[in-house]
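Same chain, two partners: chain A is paired with chain B first, then with chain C.
Coming up: the complex of A and B.
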């Protein structure tokens, strides 16, 4: 009986010690644990799985299990003419779209920064395209730019030659850029406008008193003040444009021929049309690395690390 | 100093006790019916109601037909129910593949384009096995022999197994403006220019038009006669990346491929490999084998000169110029008849059909997802959807292209539907696409390589050489050669 009592007390004491240890020393884990678990389940595990698939052959049409093939998918990618064309198209379409979006967004922001009659109404209207799903934008442009659509109808009414917007490679690329610009210029506009509004008015007044012209005011006062915001907007847009999918899918489906085939569309096709999940994953990894390199490049070119004083305490 | 808020040992032990007791209680509660092994009940048990989910391609009235039969099924097989979801052509294959490979079992039944059978065939249930397993559900009046042999072989068979039931027939058909082709003035002008009659075959005629005639007709109605104010085209011929390019070129090349000369050079067509391949599975249009591929592609390009830009035309966009009255002919699927000739159509009452010189086979089956939990009810639904009575009823109600000869040759229906007569003759000789797992890749490859012929990037010979090399590589990589 004494031994039993002793055992009970020892057990109780051990449980008490464990509880105290857990409660006092490991308490942070109770709080940090769930987010780490969620992070692992939603981000880390899928990423590891992506890399695993990227190193495997996994063809759905053949009902096969993933088979480890090392770097063969990556080697194949660089001899795959369709993938290389998609990379080239993605780069040119993204670059073209972001340049036009930047110029339009900046121009509109500068125009509407000055108090104008009705600008309170114009500003919300300008940002409406941003709120429309890209699939709908693509579909709308497809209907508008159709060979027998309203734009060609208007050209015919004016006795002008009709334009094959989506059937000629150059025109199709321009159409994709046009749709992207229509939707995303407001994004640059809204960020630049916010940056302009944050410029202290004293600075502008001082420059004006010193006799600065409008160009000098922009070049030496406004531009240096808004560069960080512009850089962030361009970085976001460029990374987003590299993932261009919806508009191309609806507007041209990569055609004519492969004139507007972009990486995301090709990855989608490879995964869900061709059923090659391994190869598609490898392309996904490369797209991710490509995006990282592009972001790094933009940050370097715009000297953003220094401007935003990253890394400095 | 504030007192630390802390869980006491007794609280912890109490909570643990509650959790353990809860778990013990939960394990004592009765399990859902069917989840444990129990003795068979003495009284007869009603079948547990099941819901059959049907994924059907959304156009051509296919989903309307499936909905109609779902109503019949819900009455006849209550308490079981069928629920139909319409899925767009562009996304249907992708959805199927995702469903099959993830095992998510989103749908019990799918409509499967026959050219996709190579890609998804491994995931479809063997219907012979199913019929053996549930012999009582087989309809004795189903009459399998009523399906044309070519449809049973292409739509319903994969690797020698029956994996589906023929649901919707489809061949590329020539739609034309009867009012133009029967205009006496145009007929005499045509004869004066080309030296033969402007004529299209009718029901019962034994003659067929040739591709050379088709080009003359297209040229005549583009530049030979002014038949409308504003722009006019002789034909609408699609060549957009994907299915339109693959199918239309197959139709044209098939004419060379199946000619006596073609059979001599390439050998007979292997039904699983289709017209694009030789008997020993080499790419038939390769200029290294014969110049017939180049001839066919040149013809396609020449015909395209009498059409709005083919590179920009898919099935729907190529039907539009014809429907709006600016094109004299249109090569498209027979299922477009209702939308082209509807009461609101500008060409209503003016359209007729004829078989293309070499019709091309499209069409759909309905098939059961191998992982379905309700194979019995799924089969019952499919059987109902494709039986003789319903095939006729669905064509009559939705003008959905039938797969049964009894409907195709029904005199009453023929009298009501001027397009019906062409269906059975179109199936006598027609070109087919490959039923290979890599067909989607081949289709994309053709879009990017052959598609460049329309944009001026490659000559026909260069394009066909590259195309043959690329397809050979795709097939070799997949281990099919």
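Coming up: the complex of A and C.
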């Protein structure tokens, strides 16, 4: 009994010592290890799995195992008219949405830049759309753009012809952009406003004293100061616009025909409605590469890296 | 007219122009919300009537009662008694709540530990930081496909735990990046003082560092919860019954065309879906920009 107790005590102290050693000497791994492991399991492993799936045929409907078919999925993709339409739509919809959001957000921020009585109320109101569930935004715009909804009601009131917002391809695209702009232009507004408020007033005063016009002031003083923030805002918006899913799902479900079909919806349907997991994975791989290229391109175009380096020094 | 009065007139004109533009913008942002609330309290006949009813004169809460599975007579008519076409939203709200809380709590715990490791021990430095930031670029549909297959083999599809783990995909990097900012503001001396008093690294983390970033933790919790609450794609892919389907997945049932759209009930659902946001918006507005850009921009 005594020996058992002694053994127990010794082991305990040994474990304790190892524990203390690990907790003290290898402390960084205590903190970083578990989360990295989880991220690895959640992201790295699925990504590798995705690449493997992309090279195989795996149809859930036939209950068969994945079958290696090489690059055939990728070949199929470039002859798949629906996919090409989805790519085109995603590109135009994100570009349109981001441009309008940028102009609206920048305009609004410049509107509120100089002090205006009551402008403190604007920020709490304007951030509301961003946190509304996108599904609700889609639903709500479906309601507002309904044939008998308030927008058409307004047109009627003004004796203008009513518009079939969701039934005509061009209008449906505009509607999707409108909903996205409603939800996300506040994002650009808030970031740009923060950047504007960070500009030292002496700079503006100096330019004014030198007789700069409003446009010159904007072009040569304000714009160079806010461009890093603008670049960050646009990058984030563009990345998220490529993820456009919820609003389209609720508002048009890709329709009419495939006028608002976007990549995420098409991949989603291919995978989870039609069960073609292999083909969907191949499209996923392309989507992933595409977003990397887009982000890289935006940073390049806005020359952000250089500016950031310059800013840090 | 001297220069002074002309300047005054110009100023008044500019100011009024700014107010007009601002009012138009506010109308644009507030009208859809107003319309959703109005529709939620309208009688079915008033929703898509012609001409449009801008300011309803009669209201009903029966849309909400139907939404929660009430089957009695509604809208002053007896004909609806005993037949509700709608599933109750309650189990879906519960699922959303549970999944949101679990994934946000796990996300915060793991994210805080990761952030602390980065800030205090400089693990991986900026490289690890930008890797985590780049995770935001990952498209959810891309991860959903392999994750679905993995979850199917380990029987996590259609369960609270499975969906919570999947939502960690967003909440963990999010919490880590935001808390890096908060931990950077904690003076190293404080933690060192605790260490001198005999605390282990882990003790110092829990007893000194974490309490100091408490406001950040709350903000991160609320925003991750809202992210999880709003998320549709992953939830839709990884669930298939009322056991674990979340509120956004439930919302998609409103647009199924065969049923025709019951706008009143759908709008009532929308109002319910906005509640967590409306309850917390004043608290999180200070952290929202930081949160939405994952700490890349501080307001």
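Convention: the second predicted complex is superposed on the first by the 270 of 313 C-alpha atoms of A that agree within 3 Å, B and C clash if a C-alpha of one lies under 4 Å from a C-alpha of the other, contacts with A are read in each partner's own complex, and residues count from 1 in each chain.
In this text, contacts are C-beta pairs under 8 Å (C-beta built on N, C-alpha and C of every residue); 3 or more make two chains touch, one makes a residue touch a chain.
Just so we're clear, the structure is a prediction, and the values are computed from it rather than from any experiment.
Asker: Scan A:160 for contacts with chain B and chain C and give back first, second, both or neither.
Answerer: Neither chain B nor chain C is touched by A:160.
Asker: With the two structures laid over each other on chain A, which partner does A:28 touch: chain B (first), chain C (second), both, or neither?
Answerer: second
Asker: Is the number of chain A residues in contact higher for chain B or for chain C?
Answerer: Result: the larger residue contact count on chain A belongs to C.
Asker: Name the contact category of A:214: first (chain B only), second (chain C only), both, or neither.
Answerer: neither
Asker: Go through the superposed model and pick first if A:169 touches only chain B, second if only chain C, both, or neither.
Answerer: first
Asker: Pick one for A:206: touches chain B only (first), chain C only (second), both, or neither.
Answerer: Once the two structures are laid over each other on A, A:206 reaches no partner at all.
Asker: Looking at A:146 after the superposition, I want to know if it touches chain B, chain C, both of them or none. Which is it: first, second, both, neither?
Answerer: It touches chain B and chain C both.
Asker: Mind working out whether A:272 is in touch with chain B, chain C, both or neither, as first, second, both or neither?
Answerer: The answer is both, since A:272 touches chain B and chain C.
Asker: Of the partners chain B and chain C, which touch A:242 in the superposed model: first, second, both, neither?
Answerer: A:242 contacts chain C only, not chain B.
Asker: Taking the superposition on A as described, I'd like to know which of chain B and chain C A:46 touches: first, second, both or neither.
Answerer: Second partner only, chain C.
Asker: What part of chain A is shared between its chain B contacts and its chain C contacts?
Answerer: In chain A, positions 23, 146-148, 156, 253, 272, 277 sit in both the chain B and chain C interfaces.
Asker: Within their complex, state which residues of chain B touch chain A.
Answerer: 6-7, 9, 12-13, 90, 93-94, 97-98, 100-101, 118-120, 122-123, 230, 240-242, 308-309, 311-312, 317, 320-321, 324, 437-438, 440-441, 444-445, 447-449, 451-452, 454-455, 457, 478
Asker: Can you check the complex and tell me which residues of chain A touch chain C?
Answerer: 20, 23-24, 27-28, 30-32, 34-36, 38-39, 42-43, 45-47, 49-50, 53, 104, 108, 111-112, 116, 119, 122-137, 139-144, 146-150, 152-154, 156-157, 182, 186-187, 190-191, 194, 229, 232-233, 236, 239, 242-243, 245-246, 249-250, 253, 264, 267-268, 271-272, 277, 280-281, 284-285, 287-288, 291-292, 295
Asker: Which positions of chain A touch chain B when the two form their complex?
Answerer: Spelled out, the residues of chain A in touch with chain B are 15-16, 19, 23, 59-63, 81-82, 85, 146-148, 156, 164, 166-169, 253-259, 261, 269, 272-275, 277.
Asker: Can you tell me which positions in chain C touch chain A when the two form their complex?
Answerer: For this pair, the touching residues of chain C are 15, 18-19, 21-22, 25-26, 28-33, 35-36, 39, 47-52, 54, 110-111, 113-114, 116-118, 120-121, 123-124, 128, 132, 135-150, 165-166, 168-169, 172-173, 176, 200-202, 205, 226, 229-230, 232-233, 236-237, 247-248, 251-252, 254-255, 261, 263, 266-267, 269-270, 273-274, 277-278, 281-282, 284-285, 288-289, 292-293, 296-299.
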